[in-house]
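One chain, chain A, appears in both complexes that follow, with chain B as partner in the first and chain C in the second.
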Partner chain A sequence: MLDVADLSATVRQRWPPRRPGARTLARAAVVAVLLLFVLLGLPQLLSLYYIDAMTQVAVYSMVALGLGVLVGRVGLVSLGQVAVLAIGAWVAARLLFATSMPYPVVLLVAGLITMVAGMLIGLPALRLRGLYLALITLMLAGAITVVLKNVNFPNGGHGFTGYNGSSVHIPPIRRPSVASGDPAYFRYAVVVAALMFLLAAAHIRTRPGRAWAAIRQSEPAALAAGINTTLYKLWAFALASFITGVAGGVLAGAVHYLYSIGFPPQDSITLLAVVLMGGAYSLWGAIIAALLLQLLPALLNNWGVSADWLTILFGIGVLQVLTTAPAGLADQAPKDLARLGRLLLALARRLAPSGGAAK
Partner chain B sequence: MPSWQDFQPFIVSGLALGGVYALSGVGMVVLYQATGVVYLAFGAVGAMGALIAWSLIHAGVPGWAGWLVCVAFAGVVTLAYGMVFGPALAKRDPLVKAVATLGLTLVLFGLMDLLWTTSGGQSRGITLPTDNPAFMIGQIQVTWTQVIGLGVGVAITVGTGAFLRYIKLGTAMRAMANDREITATLGVPVRRVEAAAWLGCGVLAGAAGLLLADLVALDATTLTFLVISSLAATLIARLRSITLTFGAALLIGLVHDLLTPIQSLSTYNDMTPFVLAAAALLVISRRRVMTRSREEA
Partner chain C sequence: MRGDGAAIVVTDLTVRYGGVTSLDGMSVTFEPGTCGLIGPNGAGKTTFFNVLSGFVRPVAGAVSAFGEDLLSIVHYRRARWGVRRTFQTEQAIEELSVFDNVAMVHEHSRLNGASRRQDVLSAVSFVGLDVDPATRVKTLAAGQRRLVEVARAVVGRPKLVLLDEPAAGLPDEETEHLGAVIRGIPEQTGGMTILVDHDMSLVSACCATTAVLDFGKLIASGPTAEVLRDERVISAYLGTAEIEVA
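And then the complex of A and B:
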């Protein structure tokens, strides 16, 4: 059973409780090297087609991160994250057409406005839990999709919606001046994504993260331990929506043109599927999820295989994750690799003497 | 503001649509009560059944055989899913069970996109022989399909109500809704009752898919996500009462269609189920009692 006093002490704990150990440092070094490789090496190695795909991976890793925080940390399942992404992209596009604000400021403002919208979506979460919350976010996503279909994405027009009704002379959504080319914009997206991951990690390591963990295990127990569950749940929605809104801003610049059919409600379901497959409990899971969601279709498209196979694969993947591997690929893959390694080692050991005997 | 005349035909079509939503909603509530699963693949199996029927009918198979295959397909797929994943997830949270059915939805959705390509832009349709106008009520033409839509909705609601009350299998399902373990202890073959619920729900999904393919459109995405409308009705009834589900479904169908003639709102009428369900849930959950009882475990 949960020890309430213990729980409360854990949540109030100051961070850092101890000095970072050698393990943490090694992990940080690995992350830094990987990041440097992605920033400097990858654009040299890849064709433009794959650089575009990897930009999408960077965008969706943020979206998956947002959903991962909700699902993996707080235990709130949202089936409307793609609608939140659409809000972020819409706001960013509107700001980019209307103002000449520098891009990072636009991203920040888009993130903040989306955060407010996301908190409105999250309001039912204060009353509803589990199943009902998931279903109500599915409904809200559907409603947002209908509104977007009517309002349309800004395309350089005037007025609040910024939609000029024509589909002929559409100016592209601008990119930051330092990153107008595709490889440069890819680097830009990766840097933004890295910042968002840092933001999420900082939350998870400190008091909100511990409060979320307590809420995930048992909301009544968390409440009894003196945790303001309302505040922290709303906080989680705010953080997830902020990250998703920023991702929307990056997406707007990446694709230049936005259309409401680009954000169908089924994408929210696919997103949940890949987040569960990647692993909602780990930050790496978000990156795996984004690779599954954006890189695999690009690869399949290149090979001439229909992307519908992926939808089927994701469906099977969800069923597999839920029945046998709840922590997803981020947890399962290293374990399975280690097991495979041990198996091969054992096999080699068994073969070696018999091989000698055969001579 | 449109006149009363403009609204009249939409009352009929709204009631027909609501009837089919009720049919789907009742199927989902019964399955949820018996097994604890919110079956989100309801629309997808119905859609695939309808597409198979369409292909068969196009290949020259007589219509009734196609419809039968549609209903049978939905029933068999649902039963198979229930038999394989029902026991594996029996002890898990209702949320996990619901998300797992999203897995099935994705599989079916991918298969439909793969087998019945939608990019060509050709539109498919199932026309039931009941589509010709049946009779007039005042100035309004009514087709038999619309009559069947509402009629089946009423019949299924009443029939299911009676079934749960008077038939042994029905009372067993209600018992399982209360407590699965105790029901099993009392000697009820729990697995068999669950199988019956899955099969029944699947058959209803097939029937709903067929009717909606005719009343709305035969399109994988549309039909798959129409389930959300019936889901809204079940949510308003808190996944418990089938009478409330029926009423809510009719209301959703009516409001949706009655908004059509109002120009400023007609493009937003697809929001009806979402708005109604969200409002209802927020009102219902106003007084929340926090427990650590079954609902959370």
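And then the complex of A and C:
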């Protein structure tokens, strides 16, 4: 048996594991460079068409992040996330028309109100899992869609719903004054998304993340460890809904006009498919999912190919993920790239004249 | 409260799953220290643990633990109160590190957060887990995962540690090591242990007293060596498991 003091001394160096270590620093540096490039470089390189598409990617990366927390961290499958997004967009639009609150405050309030609504949707999750939870959330999403169709999105009218039936001169939903143009708004959306990713990461690395990991693997083990599984499941729904509500607020400003037809319940199914393909266990997976969901259709439209083909592609993709790569592209792509790199290296060595590649 | 005779008093405990009666008016007392609980497959041992953990609600009966009505405590609060357990199929959380697996129990207890690291490391070293605590559990071997589970059960100051077949599937030398760990639990934690296992040499080596369940009923209880010689115990096991009475 080990001596406690001895072990403690070793651990003092390694725990928390390699905090200022090279790997963590390198990772942080990569993220920082990538973020800087996306904020400063990307808007210069892209046409307005693709900047708008990338704004949608930023919005849906948050939506995918929320679903990723539920599916990947806690093991709760929700098929109602697009309806939650619609709630966030609705609340934000209503606030933006009715008040002159600063945009960040609107996002925060939209996130909080959506959080409450999302927790109500999550209530069945306290009793159900798997297919039945998926079914219930899908039906709740359907119900929300029906309500939205009748209430309509606010378009500058008065009263609680803020809907102006005549709809001849519909004022656009406002954007923050610092980000009225499309490139600026794209940057704004990226910053908000980055903050949401930080929020999720902070959860995953601390107490709730540990509790979720336990719940996902074994609820009895979680209970036996003293974890209030009900509380932590609701917490997961709260976090996911908050993030999705904020995404709805960003979406409202991005598109200027919102229609209930833009939030069909079946989009939640596609969302789950791309989240699984991107990788539900990784934060990168949410970004990949958003690229699949928003950039790919934009590319296809630009090339004159119908985006409907994507349904088939996503179907094949999910099948592939479920059979061979359960952690999705975020896990598989680096491995495949490394394998490709080794192959190319081996090929280069073989092709290189003797001696050159030996040392 | 500890030390005044029986620590756990079970009275007329009855559990039914549909038409199946898993525990049938079970009455038994457990003394402080390490107690064995044995019986053929399906005798109700795990069901009894599930009652103590709060996963199963009995239709009748009472469990008093150190003078408190255990059944009135909500399941997730029982760990905070002091009930800890391992599972028949080991349940160390794969995604988390060894440290986090154990710290997770500590952070949901009433224990002081300032002593968390020390307590967790002390539990890890107590079970003799010779790995970097930052190692992810999914990279560990089966025996090491068992030890992670045991470390989770002993961290802090548990009052009652329930071990459900901790030696199942372990090679002999690991079982021997586990036996030494189990014998050390009362001294390490100040709590008591109930050990369920089919390995009679492990039970004999760890437990001063042993209770025997068969078809949900207590058929014998007392000093381990005497219980293992009991006619009824031997006949209950006959044909179902090989029994070695040393």
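The rule is simple: the second predicted complex is superposed on the first by the 326 of 359 C-alpha atoms of A that agree within 3 Å, B and C clash if a C-alpha of one lies under 4 Å from a C-alpha of the other, contacts with A are read in each partner's own complex, and residues count from 1 in each chain.
Keep in mind that, in the parts below, contacts are C-beta pairs under 8 Å (C-beta built on N, C-alpha and C of every residue); 3 or more make two chains touch, one makes a residue touch a chain.
The model shown is predicted, which means the values in this text are computed figures rather than measured ones.
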{"item": "Which of chain B and chain C A:130 touches, first, second, both or neither", "value": "first"}
{"item": "Touched partner set for A:210, first chain B, second chain C, both or neither", "value": "second"}
{"item": "Chain B versus chain C as contact partner of A:315, first or second or both or neither", "value": "first"}
{"item": "First (chain B), second (chain C), both or neither touched by A:220", "value": "both"}
{"item": "Partner chain(s) touched by A:265 [first = chain B, second = chain C, both, neither]", "value": "first"}
{"item": "Contacts of A:228 with chain B and chain C, given as first, second, both or neither", "value": "second"}
{"item": "Of chain B and chain C, the chain that contacts the larger number of chain A residues", "value": "B"}
{"item": "Footprint overlap on chain A, where chain B in one structure and chain C in the other make contact", "value": "218, 220-221, 223"}
{"item": "Complex contacts: residues of chain B adjacent to chain A", "value": "38, 85, 88-89, 92-96, 98-100, 102-111, 113-114, 221, 224-225, 228, 231-232, 235, 267-268, 270-271, 273-275, 277-278, 281-282, 285-286, 288, 290-292, 296"}
{"item": "Complex interface listing, chain C residues touching chain A", "value": "53-55, 75-80, 83-85, 87, 91, 93-97, 99-100, 103-105, 107-109, 117-118, 121-122, 124-126, 128, 130, 132-134, 152"}
{"item": "Residues of chain A touching chain C in the complex", "value": "1-4, 7-8, 10-11, 14-15, 17, 207, 210-211, 213-214, 216-218, 220-221, 223-229"}
{"item": "In the complex, chain A residues that touch chain B", "value": "77, 124, 127-132, 134-136, 138-140, 142-143, 146-147, 149-150, 218-221, 223, 264-266, 269-270, 272-273, 276, 306, 308-319, 322-323"}
